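Each of the next two complexes has chain A plus one other chain: chain B in the first, chain C in the second.
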Partner chain A sequence: MGAVTLTGVRKLFGTMEVIKGIDLAIADRELVVFVGPSGCGKSTLLRMIAGLEDVDYGAIEIAGRDVTELAPALRGVAMVFQNYALYPHMTAYDNMAYGLRRAGLAGAEVDKRVRATAAMLQITELLPRRPKAMSGGQRQRVAIGRAIVRNPEVFMFDEPLSNLDAALRVEMRSQIARLHRELQATMIFVTHDQVEAMTLADRIVVLNGGRIEQVGTPREVYHRPANIFVAGFIGSPAMNLLPANLHRGAALELGWGTRVTWTAAVPALPDNAPVTLGVRPERVSLCDAARAQASGEVTLAEHLGDETILHLKVSDGVSLTVKAGGDVAALVGDRLHVAFDLAGACLFGPDGRRIAPD
Partner chain B sequence: MAAGTQIAVSGASPSPRRRRRAGRGEARAGVLFALPWMIGLATFTIIPLILTFYIAQTKFQIVGPPKYIGLENYEAMWTDAAFWRSAQNTLFFAAVSVPLKLALALGLALLLNRATALSGLYRTVFYLPFLMPAVAGSVVFMLLLTPGAGPVNIILEAFGFNPPDWLRDPDSALWAIIMLSIWPLGVETLVFLGGLQNIPRDVSEAAELDSPEPWHKLWWITLPLITPMILFNLVIGIIYSFQIFAQAIVIGGTTGTPAEATLMYMVVIYRAAFRYFNVGYAAALATVLFFVVLLLALLIFRTARSWVYYEGESR
Partner chain C sequence: MTAVPAIERRRPAPGKLWQSLLYHAVMLTFAAIFLLPFYWMTISALKFNAEIFANPVSWWPDPVRWENLAQLFMRDDFPFLRQFMNSVFYAGSVAIAVVLSCSLAAYAFGCLRWRGRNLVFALTICALLMPTIVTFLPVYLAWSRLGLVGSYWPLIFPFLLGDAFFIFMLRQFFLGVPRELMDAARLDGASEFRIWWQIVLPQVRTALVIVGLFAIVYTWNEFFGPLIYLQNREDMPLSLGLFTFQSQRATEWSISMAGSFFTAMPMVLLFLLTQRLFQQGLTTSGLK
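Coming up: the complex of A and B.
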């Protein structure tokens, strides 16, 4: 039972409030990913749950116990650090055995558990080695082993894969997903890698400036972002956020004068209300001049092989990102016409919150 | 230098032979850079050392040429009560003061390692005593410990104790010197502090997650990671403690008052050379000290392989 509940959690460094009141309930066996821009407080929040950082206001419960004032080792949590944090003077075996030995387990039991964990992670041949004699990926696997062997209720990962190369990242990502299934444990994972967040998470927590912007499944935060911040943060390339005015519920006048019909229901707003239209780059398609809803000059063309990302300058201060097929041969300076598919589009009200779809 | 650059530029896997040649070129440059120091070492350390070994086998009384007498000086030591007494005092002094000083310095460093607003100030304050000449420090200590007028005894008496005359009582005089020599522990503390601050924060946090007991972390993680600093402080501490002189001669004079309780080995050497003008005998005493300290240092380095962790090694 490893549910984690945060109520009104706040943290100050000096006079600077870094965590500004977080309420969050993480279910048992859930894998929750914290994402957010650099400096938004992801690590701090994680470290507060682990007990490495004091909680100034609010309370933290793990498995039904109030752990706000409890020492880190008594919380039933284990942490995997970005820089592995292995004990440099110990072999992999001793690194993994250390916590068990200090907890007073018998040598035979320690040995059994260390070897079983090592076998599961396929690091048995690393056991006699010191961290210095291992590659980054091997160290991170040992660090994960050190976390697993203690059989904690909650695992925490602070950007554990960001020091690994791309191929290894993909491999370790799937290993962590497999571990989550096999261990049936609660996991909290911090990353700023979109793909990691989308593929691993049961639920994503989007943080910004010490506050939660949205909590939801990867599909929810992608397709129904709670506000403009989440819309712009989740997804790569980022969602197009276009200034518009909403006329009597049905017509949407885009910033450069084009009118489009908006069919989905919207709450009552004053006529001509300033709104923001959010359209994913893959929902913007190239078309001929006759059907064009926007036109612009290509300022950047990224040919990625299977797709082409085009950046268009539509009018002063408004640019558009278009995800087109890999066969599009547009070059910088070309003038292109595009049309919007509003089926998956979002509308954000004057306060920045999503008003459609509801 | 030039050879090294050449390899970097040539790019395609350099043959081992070329690499060796580059190594030799660098070694030559290295020797050149070290030469001034090596000349200094030879003139001011090695030559005097060999001279000492020679003078130790002579009868040399400053005036007149030294006369070769073989091992007679060493034989004389065997029956010299002052030699035995001072060796015993010095050994006791080293055995007590070195571990005590290291433990205190480590404790201080652990306290200073906690980030507080004043830790910078504390660091300076604890380092300051080291800058005070040992003689001046000793005089201050004597004033503090003076019976009747010194604040230590006045305070103790105010609390109803009956304190001894610290520096005149054979049971306490040596302890006074031990305290006096421990007092400036700023350097040892700074060395330990450097080691502590070198421990990555996340390693220390991982230890906190692994066990709630602070002493577990201290014993299994912190201490092993600063063993290089412990080794350094231990060896330097032993070398210096065998050479305790200024404090001993200020408090005990050349006779080690009271009752030879503070008679230190260096004082006996000094007295032989500059009181009795028996330079040959003093040289023999110094030679014995040199080999004893050398042997101890070698012994410690020998054992160090099994208890000192060096970052570079990956075993």
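Coming up: the complex of A and C.
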């Protein structure tokens, strides 16, 4: 049905290559989330799949059909835009009916489908209203309705929730998850929001500078980041990436001189090889001076209620983020000692790729 | 509803009152200065020819000669009504032609991406720098060869091909239409022509009306084109007809003034009726 396959897809704006060769297979009924820093090409890639941008090299297949040269409306895709992009001069009803009418459906059939979709999204009372007379959340629902009513094989969302307030965002997030279950359709979702990505995705695609850094389930990209970029990008607060040297005999010498034991298997590397140790902030714990593996001065203390995020300056150019309990009363300027729990830690080789755990 | 009485809160401070009085006095003086010629035209239309040049100046016609107006519509050496309708036709056609052709061009320049777009747009803008008088002769010869001199074709048809100034102006408005609207319509299966007509034009309605009004005012006062291409008195628009009448019947001032009054009136009314829209067009972008 709605599988999407990209092969060697590239895009140039003028001489600037924005998408630099993407190979990606999205399974039917999968919900895939694109994440990546601003300007990495998420929107461009999405628009290429939708047919709104030309593909310069490579091919795109949807449902087993090569759609690289096909007009957007013929691809069986629908898109929800960040700013909703509802037609301002039409009522919600006409917004939803527009695509159906273009497809040549009869009036009665259009009416039936619009009303059924509106009922499903609980927006029936919005149908006679224009976008101007709706709140952001209501516009969002109508925009989703406009996408659903056409019954596409692939849904695309380009940061659809970023204009909503926090509470509404949580609600819409669960609604999109529910829609995904009920519609049994393929969905591609672009977001900046870590929580959205982790909670919604079957698989996350991490993009950077027009390339794919990693494709994997939320657990995979979180616990087994393919490289330093993914490690630093996924998770908030970000993973601690500490310079270290790996000695034979499984001794890891951290940048500031401390030695720790690395027990997991690592591929053969030259002695004293420069590596990077990745430790999540929740795997760093406060301890007393005797057991300390690192010590530093607090440069920033964020008291979030249930937890406290502490930023420590360990040595020149090395800082550590620690996720501690909400009862920790540390203040800026305090000197704290920490120890690492290396059970869930990652080790990255000189080229930035993860070498352990494999 | 608050309990504070509105009157009490709105009473201006004494200093403010003087300021406001002064402001209005100045504005009224200027308004009077600008209205004076219009007033003079109006009363002259209702005077005897002799009274117009009377000394001392007579500020109110005595007697009021309504017959002048009746004459205006009955003289056979000045087909006023016919020329008035010519002007309406001329201005209306140009306005429609300009709005259609320039909004199509502005859509292509502002909303579509194609190779060479910026170059073509730059060339279009260069057309603004070219005085009409330069291209005038070859254009006249072409129309003459086509045997269309003496008709309205040479005056209206060029506007169906767009006008650089209005294209430029409309493009600015079209650039303000969110790209996602057109993308959404493309995904909905609308053709480019339909997107232009059903999605984009409704967003820039105010701009279209403004361009239409500009075109009407411009055409209503246009003199040179009709002078060159039209010879028959029955074919002339008012701008030219009035001039022709004045140059032939130099002494009949009250009739000319009556003609001028009815020539100026439609534009005054048009402005009064659309004033609010002009302001709206300037304050809101017509979006959101």
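Please note the rule applied: the second predicted complex is superposed on the first by the 357 of 358 C-alpha atoms of A that agree within 3 Å, B and C clash if a C-alpha of one lies under 4 Å from a C-alpha of the other, contacts with A are read in each partner's own complex, and residues count from 1 in each chain.
Basically, contacts are C-beta pairs under 8 Å (C-beta built on N, C-alpha and C of every residue); 3 or more make two chains touch, one makes a residue touch a chain.
Keep in mind the model is a prediction, meaning the values are calculated, not measured.
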When chain B and chain C are modelled together on chain A, clash or fit: clash
Which of chain B and chain C A:Arg211 touches, first, second, both or neither: neither
Touching partner for A:Ala50 - first (chain B), second (chain C), both, neither: both
Touching partner for A:Lys132 - first (chain B), second (chain C), both, neither: both
First, second, both or neither for A:Val77, with chain B first and chain C second: both
Residues on chain A lying within both footprints (that of chain B and that of chain C): 50-52, 71-74, 77-79, 81-83, 85-89, 98-99, 102-103, 132, 146, 150
Touch list for chain A against partner chain B, complex: 50-52, 71-74, 77-79, 81-83, 85-89, 98-99, 102-103, 129-130, 132-133, 146, 150
Complex interface listing, chain A residues touching chain C: 47, 50-52, 71-74, 77-79, 81-83, 85-89, 98-99, 102-103, 132, 146, 150
Contact set on chain B toward chain A in their complex: 200, 202-203, 205-213, 216, 220-221, 224-225, 309, 311-315
Chain A contact footprint on chain C (complex, rising order): 178, 180-181, 183-190, 194, 199, 202-203, 287-288
